[in-house]
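To keep things simple, chains are lettered A, B, C and D as they appear, and every chain counts its residues starting from 1.
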Amino acid sequence: MINKQVTSPAEAVRDVFDGATIMVGGFGEAGSPIELIHALIDQGAKGLTIVSNNCGSGEVGLAALLNAERVAKVICSFPRTANSTVFPDLYHSGKIKLELTPQGTLAERIRAGGAGIPAFYTPAAVGTPLAEGKEARAFDGKTYIMERGLKADFALIKGRMADTHGNVVFNKTARNFAPIMAMAASVAVIQVERVVEPGSMDPETVVTPGIFISRVVEVPEPAHESQLVAAGVTYP
Amino acid sequence: MTRQTSQQTPSTETIGWTREQMAQRLAQDIADGSYVNLGIGIPELVAKFVPAGRELIYHTENGLLGMGPSPEPGAGDPELINAGKRQVTANPGAAFFHHADSFAMIRGGHLDLCVLGALQVAHNGDLANWSTGADDAIPAVGGAMDLVAGVKSIYVITQHCTKTGEPKLVEACTYPLTGLGVVNRVYSNLAVIDVTANGFQLVELAPGVDVDTVKQATGAPLLLPASANIGSTK
Amino acid sequence: MINKQVTSPAEAVRDVFDGATIMVGGFGEAGSPIELIHALIDQGAKGLTIVSNNCGSGEVGLAALLNAERVAKVICSFPRTANSTVFPDLYHSGKIKLELTPQGTLAERIRAGGAGIPAFYTPAAVGTPLAEGKEARAFDGKTYIMERGLKADFALIKGRMADTHGNVVFNKTARNFAPIMAMAASVAVIQVERVVEPGSMDPETVVTPGIFISRVVEVPEPAHESQLVAAGVTYP
Amino acid sequence: MTRQTSQQTPSTETIGWTREQMAQRLAQDIADGSYVNLGIGIPELVAKFVPAGRELIYHTENGLLGMGPSPEPGAGDPELINAGKRQVTANPGAAFFHHADSFAMIRGGHLDLCVLGALQVAHNGDLANWSTGADDAIPAVGGAMDLVAGVKSIYVITQHCTKTGEPKLVEACTYPLTGLGVVNRVYSNLAVIDVTANGFQLVELAPGVDVDTVKQATGAPLLLPASANIGSTK
């Protein structure tokens, strides 16, 4: 009997260990699994490496995790944000490392990690500072750089609906990195607004098949980062 | 499905487990909740024998997780098939996806178990199961090389010897390889045998089969277990 | 005004040229675009390279194209079939070349071609005859071989429904290679049972976005290969 | 959106096209049916000025083809946003997809046009638009490097000079590069300029701007067209 549903965000992140690599879904606030991140702050794991497109805003969600100084390093395409000083302050004080990766390379590295591809070549960043130290190679007269697949111990992502087998559908542009992070993580944890029985979803429209998901937790009314920031909320 | 017998003289084909019994024996060893890919032929029989209370999810590399049994006659869809190109059904909780995503599951190590047939298994786990290397054969590999390279555990289900009595468990494969050091366990008509760092390790004998028979039918050294459990079926 | 619908299979394949590389969808009969293939036989292009998982059955569809001696080479994972002698006869008489590729490598090569990835590494086929002549390389102590992305001039594929922008949904396991072949071909031609207006499909459930599709042709009741073969039909 | 002006002395910022006019001029050159990615800032204005009768499909790299305009106040969804993280809508015929698929579109050459801002464009097409290289800046690149490496045509829309009067069209970029030889055309407040194998090639002058003004404001040689069309807007 397969049932991947767990009872709470706390239960879903119970075994995150110090030094773990965690992929965190979201592009801006869309798809950011705030409740899971807050549960991780409560849980206390530290020395984390975070793989995420952004570094959060205000002092909630991912920015709050950074602010709690639980993160040693971020792998990220765009850590700058208009309404948060958390990352800049940590970065300038040398308290956090940054591996800056072009957004498409980040996405492809995650997808490769999940697909068992250890390395691939991309034209992005050739000739730029972000290619420094990377192997360059020509194919058919054009230069590419080699990039490595990325894996993680955990993924914390957000969907709209899942069944208890872990099949997931998403909401609009909140889909973004979640399906590939689910592939690349040993333990993919997803929060969804609604958990349903297997057979409730059309198998043609499942976006992330259950094989990629380890734990499903229902968060019926997830917070929106922009609303929390506008309201001046900080966590914890 | 009837059991194949051979008219060749000294043969091990007629002793030990039938094909169905081999499949049944293997089915006992699949953990509840496993994601499983069953190869074409004897491996397909495994699904019939999964013990009650265990839920397995079957993957077919042509784009379906949650594959169910054959449809009722006349109820099938020619576009809902398995890797053997036979019509199947989709269970509740199924998902369809394209080929690159399907092999991302395989290559990325997301499947727990793949059960395959074999021409030869070497004592270091090398597998040959896609080609006899005959000059006039049409080469065809399908997904076998991807499956053995990517799936967490590879179980082989096979007659212990060929129809002409040659061992299929060997020192080194002479047929073209499918993968290097990939097989974890062999379920033959004679025995269950693990592939270990030290070579073939006997796990269990089929009823009525003794150790010497298995040794003689095996083309490489056979390590015996410390346990006295040999000879009994679970 | 975007409208990718063309009036007939003949119109859809009108500009296929001699020597073209064509990806043909389908795994067995599921997803095989028989009407497009038959239109291509009528059209007459020759010296083709076909990228397809199989080589067809009987003497219809892909097997008929081969039988008409229009194909110089196939890139394929499983050309053997229980009910066709077309490929074996051509292969044994030296009239067709075969590039045999493991199925997952074939799929990933096509996806890479469509995604602008010129090469990647895979563990499949390491140590086997299909790795001969290919670059091997170790990552983290494990050996992989390098495989190249595959592109095509045309893709002939089959879907269930498309809108006039080329957004497509598929039918069950007929999806197989179609979405990635659409990505990898300069001109992707799809036959579907029904063409609808943009806005008729839920944007969450589109499988192949229209950007990958050049031409859509409606074939309301497509033939099934197995039924044609069982009926002894040959083409032309 | 009002036009920025500068109090610095000799400036080209106050002559030629406004930001809206630059966007309008660029919009004339986008073919019907194009798949287009518009960068954040001035490039976003382009969508307002597409001539009637042309249908463009907008891609936003965070997972949407068929992006529509901003929602009515209160009607938006915080999970339906563009790459600038502003709320948008989805047009009929839209499709959502994940980030790897989105950048497969970009890297695979499926988008016809990307319009971006620039810090500097070199006469060989090199682009710098993501970092001033300042020591205290937080490095952030987003999708710019993928876009310029993959999209078929790259148009830059920019003030011809910086606020301090420095040319943005240069012999060689001094800021960190976004891509090598990637820019096809520049739409500035002064002119439309192609990047050719021979360097910057003047295509069209903004109204009231003469060739000498453009030459002086450009940090690399400017090739003049054979046609006498210079000085007129289409």
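Following the convention adopted for this analysis, a residue touches a chain if its C-beta (ideal position, glycine included) is under 8 Å from a C-beta of that chain, and two chains touch if they have at least 3 such contacts.
What you see is a predicted model; the values in this text were computed from it and never measured.
**Student:** Enter the minimum step count from chain B to chain C; a value of 1 means the two chains touch.
**Tutor:** Counted as steps through touching chains, the separation is 1.
**Student:** By the contact definition above, name the pair with the higher C-beta contact count: A-B or A-D.
**Tutor:** Most C-beta pairs in contact, of the two: A-D.
**Student:** Rounded to the nearest whole Å, what is the centre-to-centre distance of chain C and chain D, using the mean of the C-alpha atoms as each centre?
**Tutor:** 37
**Student:** What is the distance, in whole Å, between the centres of chain A and chain D, each centre taken as the mean of its C-alpha atoms?
**Tutor:** Whole-Å distance between the two chain centres: 30.
**Student:** Which positions in chain C are in touch with at least two other chains?
**Tutor:** Expected reply: 108, 111, 115-117, 122-123, 170, 172, 204, 207.
**Student:** Tell me, which residues of chain D touch at least two other chains?
**Tutor:** In chain D, 64, 90, 96-97, 100, 103, 106-107, 149-150 touch at least two other chains.
**Student:** Linking chains that touch, what shape results: line, ring, star, complete or other?
**Tutor:** Graph shape here is other: it fits none of the named patterns.
**Student:** Go through the chains and record each pair that touches.
**Tutor:** Those chain pairs satisfying the definition are A-B, A-C, A-D, B-C, C-D.
**Student:** Chain C touches which residues of chain B in the complex?
**Tutor:** 60-64, 77-81, 85, 90, 96-100, 102-104, 106-107, 126, 131, 136, 138-146, 149-150, 176-180
**Student:** Per the contact definition, I'd like the list of chain C residues that touch chain B in the complex.
**Tutor:** For this pair, the touching residues of chain C are 27-31, 53, 77-80, 87-88, 91-92, 98, 100-105, 107-108, 110-111, 122-130, 170-180, 207, 224-227.
**Student:** Considering the complex alone, what residue numbers of chain B touch chain A?
**Tutor:** 32-33, 35, 53, 55, 57, 59, 64-66, 90-97, 100-101, 103-111, 149-150
**Student:** For chain A, which residues count as touching chain C in their complex?
**Tutor:** Touch list, chain A to chain C: 108, 112, 115-123, 139-140, 142, 144, 148, 169-170, 172, 202, 204-205, 207.
**Student:** Using the touch rule from the top, collect the residues of chain A that touch chain B in their complex.
**Tutor:** That would be residues 1-2, 111, 113-117, 163-165, 167, 183, 197-199, 201, 203-204, 206, 209-212 of chain A.
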